[in-house]
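Presented below are the structures under discussion, each in the form of structure tokens.
Both complexes below contain chain A, partnered by chain B and then by chain C.
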Partner chain A sequence: MSITLAPKRRGSGLGLAMPAILLLLAFFVVPVALLLLRSVTEPEPGLHNYRTLIGSATYAKVFFNTFFVAGVVTLVTVLVAFPVAWALAIMPQRWASVIFAVILLSMWTNLLARTYAWMVLLQQTGLINRSLMALGIIDQPLQLTNNLIGVTIGMVYIMLPFMILPLLGVIRKIDPAILQAAALCGASKGQALFRVLLPLAAPGIASGGLMVFVMSLGYFVTPALLGGTANMMLAEMIAQQVQSLVNWGMGGAAAFILLIVTLGLYAVQLRFFEPKPEVR
Partner chain B sequence: MTTPYLHINGIRKVFGEVVATDHVELSIAEGEFMTFLGPSGSGKSTTLYILAGFQDPSAGDITIRGKSILSTPSHKRNIGMVFQRYTLFPHLSVGENVAFPLRVRRMGKSEVDARVKRALKLVRLEGFEDRMPAKMSGGQQQRVALARALVYDPPVLLMDEPLSALDKKLREEIQFEIRRIHQETGVTILYVTHDQEEALRLSDRIAIFNKGKIEQVGTGPELYANPATHFVADFIGDSAFLAGELASVSGERAALRFADGTTVAAVPLHGSGRAGQAAELMLRPERIELATEPGPEGASLPVTVEDMTFLGNNTTLAARTPWGAALSVRLNFGHPLAANVARGDRLHIRWSPEAAHAFVRG
Partner chain C sequence: MKHIVKAAAIAGAMFASGASAQEMVFTSWGGTTQDAQDKNWAQPFSAATGTSIVMDGPTDYGKIKAMVEAGATTWDVVDVEFDWAIQAGQQGLLEPLDFSVIDKATLDPRFVSDYAVGSFYYSFVLGYNPANFAGDKPSTLADLFDTAKFPGKRTFYKWSAPGVIEAALLADGVTPEELYPLDLDRAFAKLDTIKGDIIWWEGGAQSQQLLASGEAPIGFFWNGRIAALQADGMDVGVSWDQNITAADALVVPKGTKNKDAAMAYIAHATSAEAQAAFATETGYAPINTGSAALMDEAIRATLPDQQTAVQINADMSWWAEHRDEIGNRWYAWQAQ
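Presenting the complex of A and B:
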């Protein structure tokens, strides 16, 4: 799900775009507006929902957790996705297509099923703990679920394709001869990575990273199943407010803050990383 | 013989079924400008890439001052290279591109600045430090690439068809610059091209590549005057080839007989051959003279004029030999025959015996 702006066209595209605009209005803008309205009217008119959210230590912790987990997940996803994208970019096209298909297939497999699969793998008596113990690497099962480790593993796995795709896009565009040139200039593998490859891949890292970060901010299923109660995330809190406490005002306010943060991040990305038209 | 400066010693490279280079053997003197000339796919780039360390040879060795460089990784070979494609780092300014080799060598700032300045001056791009590569023309980008390849004073510079993407006029301009830079720096250059004019203009010596092998090495005039093989004769300069057979061989000279029994005598023969073997007579158009009478010593052939084309400084005649082989003959502007020659005229082409070559076919 990538957010791309339609190319600017001169003249009368508006008529053709009308159905799409109406659809967006009906299904996105109106519900968000209603939510915003409820956040400033329920239980009574005013900004008190926002004041509570920003003011209280409990909620501050939820916000912190949300950003922290999203940050960790984004970082780990970049670290895992980069070598994978690199390998896909340089391996023979036929193999790359197969591996790519596998990645896409996993994207289309039910999210809940995949998260439960991780639960089974990561739990105290799960495959990972038992294997590690059998190999004698650990004596006691590791606590891999109901904490940050579980959330990170589960979410990184789900986010990987969203990072690999944009990375592959930028890496495929890098001419291998540029890296050969760097080598003859005297750059070791590490120097070539940090001085050439990473800077050239930066737009892909930025757009993939933003997408992963934003999606992670609003994630519900994985944190709810693999995370502990100690690190509740914003989406869990919104669900709790709306479902258990039927507090639409608070839920709406939290959702709205999330939306503003997301749009802010997107604006930053557009400003700094959108590829500029090439001048030749 | 003393050890050569750079020695390419029996390099062979196989990609699966394809033999890219086969026993390439070449010695290059320090400060020499050596060009690899040959058609596309003849193994020129592969040889250069093995020198650069991007590929390992299947067999053979490369030495500089007698020491093998094959076990040294690319980034430690201290060799400069300019590529066919534009390979400037697109995220770095011109100044930072040229500074790159110095930065990875952790050179001090003042030294870096001084060297970048000197290198940009060498390629006549002073003051372009802050320009981004994308805002420069192809010719400028290749000059920056040249500055980047020379800024760390590599003893050897490799260039793989660096000008092939540029138009003719710009190409000639930069060829001139490359010559000047070679003279100013004294760097040993290995230059790859498929353009014979470029090779002749730039090089001290030229190695002619064909199907992964070197056919002949020599200076431009040597190759032109004394091509060792049909391939070299065909590749360097225009030439006409007339197919026939060896009538007789004596020492390094041969007589050739053509389909209708016409013979020519005392042609320098390349390679060994016996009477009766298929062979070709090679003639350079500018060494052919048109006359109304046959020449002495059998160094002439009768021809019939079929067509004339006026091209300014010369008139080019399409002619045919008695046995039907086509041949083109140039008459310089002002040649007494140029004004009077007509279609269907029966004339003779003549040459000095040294100007013809016979190649055994096979």
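Presenting the complex of A and C:
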């Protein structure tokens, strides 16, 4: 996330953060550690759960699906969110607040309700297919659910606010005069976009993109309802292992691999994309 | 900080004293089924005994195992699938039932084991939306797998459980007598022939939505869900030919602190009256042999226990033994 770092103050503020830290320790760090422990102790001590995971073609496909879907979702989210953020940044403040409220409102609606709404809209007998057929645009209903299309639409919709917010933060700080200057120097619209605007917005794209990608990696409800089993993602596999097969060992191992990948991505982000503290 | 600790201690004490009063937890799968269990089992039980019952859910096998292993069992009675109940009993996750409290003699022996008694039983039946099939209507399990004769998406239960594999084998010509042990290779080969046309349903409400909307005009459903659609006035076709029974079970996770209350509750829930009331509301069959006499004739006619002539019982013991093996293969096959 693009947080502007304030100059360091004396007194570390650790005391104020203590309740949050304790809460996380008790209800997140400890349970996760216990789960990881099970991945190397169940059903018997050793790394066989990891061997099974890595050695099986099915799980390889599930891993691939997970990263592929998360990648597609991130890409589409960036493409949709950027123009929205740009428009929000340059439109009159009153209109921007209204649209902003609409975007936030969607975040406060129950996730399951939103996913079911998409199911109703996208299915073969759904509103979209019926309208297109009534208008004579298509003869046969399009297959929009139980596949990658359904997952992508449903997840992009849910992830949009997480992309728009950091982008907006960055774009608002870009001085419009810079674009005027680019135009004055003879830059075409394309050049102004690709050589001036995008590089300046890159930190926002990177932080929003990473957040969307990481959240997508662990997504469960939307892929399960809008995707077919052929697009099964890791979170769903973990749920199957734990809830249906009561195999905490395998579930824990898969969760651990997901965690390592996520932390690795976060490290990359910290290393390369975190904006330098502003000099005031 | 001190204040917070003190407040937490007080809250903890209040909670503990609340729990020591007669109170127990019943966990089931949620939705209309659990509502019916609450109304027809739990509330009358509370009124009669003074033991209040807290509803929790949904049932989660991972959670049960974690509770038992941690020695912190907070679910006293749980509604589970029968094959899991048998397996869990063998794995030591359950309390043996007290048959001095639960009257075994009145229960359908198909659904009684040392660690579990039936909660209700149901059939997987072929259901279809007649609007989508103008000519011949599907009537056999072979029709369910015949996409040439009956085109369109078909919907099946997503989770690894008794039912769909049996249906695939029966559709492929295996006779009921030679169904077990299940020939998994043959079953998956049969399922492969329609894999691209399958939409999986995860829960009863979704199965109804798929059928009613015509998204999947044909499929394999819990009979109670079809009955509910018909009760709502929807035109739904159903074929009981080779309906496959499976059952839910009531179990008591090991280490419960309310064992006596749990046994008394199960005894009540499986009584002829409670089972009849639940069956009337849900369309699932009672497992108490005395219930039928207490029920309305017209409703009785819609229940799976009227279809025994064309019925096949899923072999719960066989499933309990092979549950993990089938499950792993099932999910791997789905993901391929």
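One rule holds for everything that comes next: the second predicted complex is superposed on the first by the 259 of 280 C-alpha atoms of A that agree within 3 Å, B and C clash if a C-alpha of one lies under 4 Å from a C-alpha of the other, contacts with A are read in each partner's own complex, and residues count from 1 in each chain.
Following the convention adopted for this analysis, a residue touches a chain if its C-beta (ideal position, glycine included) is under 8 Å from a C-beta of that chain, and two chains touch if they have at least 3 such contacts.
The structure presented is a predicted model; accordingly, all values stated were derived computationally and were not measured.
A.B. asks: Is this a clash or a fit when chain B and chain C both end up on chain A?
C.D. replies: When both complexes are placed onto chain A, chain B and chain C end up side by side without any clash.
A.B. asks: So, does A:Ala181 touch the first partner chain B, the second partner chain C, both, or neither?
C.D. replies: first
A.B. asks: Considering only the touch criterion stated at the top, classify A:Leu245 as touching first (chain B), second (chain C), both, or neither.
C.D. replies: Only chain C; A:Leu245 stays clear of chain B.
A.B. asks: Can you tell me whether chain B or chain C touches more residues on chain A?
C.D. replies: For chain A, the partner with the higher number of touched residues is C.
A.B. asks: Applying the document's definition of touch, where does A:Ser56 land relative to chain B and chain C: first, second, both, or neither?
C.D. replies: second
A.B. asks: Once chain A of both complexes is superposed, is A:Thr229 in touch with chain B (first), chain C (second), both, or neither?
C.D. replies: second
A.B. asks: A:Asn147 in the overlay: touching chain B, chain C, both, or neither? Say first, second, both or neither.
C.D. replies: In the superposed model, A:Asn147 contacts neither chain B nor chain C.
A.B. asks: For A:Thr41, is the partner it touches chain B (first), chain C (second), both, or none of the two (neither)?
C.D. replies: In the superposition, A:Thr41 touches no partner, neither chain B nor chain C.
A.B. asks: Using the touch definition from the top, say if A:Thr262 reaches chain B (first), chain C (second), both or neither.
C.D. replies: In the superposition, A:Thr262 contacts neither chain B nor chain C.
A.B. asks: Nearest approach of chain B to chain C by C-alpha atoms in the superposition, in Å, rounded to an integer.
C.D. replies: 45
A.B. asks: Could you pull out which chain C residues touch chain A in their complex?
C.D. replies: Answer in residue numbers: 60-62, 65-66, 153, 158-160, 199-200, 202, 209, 213-215, 323-324, 327-328, 331-332, 334-336.
A.B. asks: Could you pull out which chain A residues touch chain B in their complex?
C.D. replies: Spelled out, the residues of chain A in touch with chain B are 175, 177-178, 180-188, 191, 195-196, 199-200, 202, 278-280.
A.B. asks: Can you name the residues of chain B that touch chain A in the complex?
C.D. replies: Where chain B meets chain A, its residues are 52-54, 73-81, 83, 85, 87, 89-91, 100-101, 103-105, 134-135, 145, 148-149, 152.
A.B. asks: Which part of chain A faces chain C closely enough to touch in the complex?
C.D. replies: For chain A paired with chain C, touching residues are 56, 58, 61-62, 65, 119, 123-126, 146, 224-225, 228-230, 232, 237, 240, 242-248, 251.
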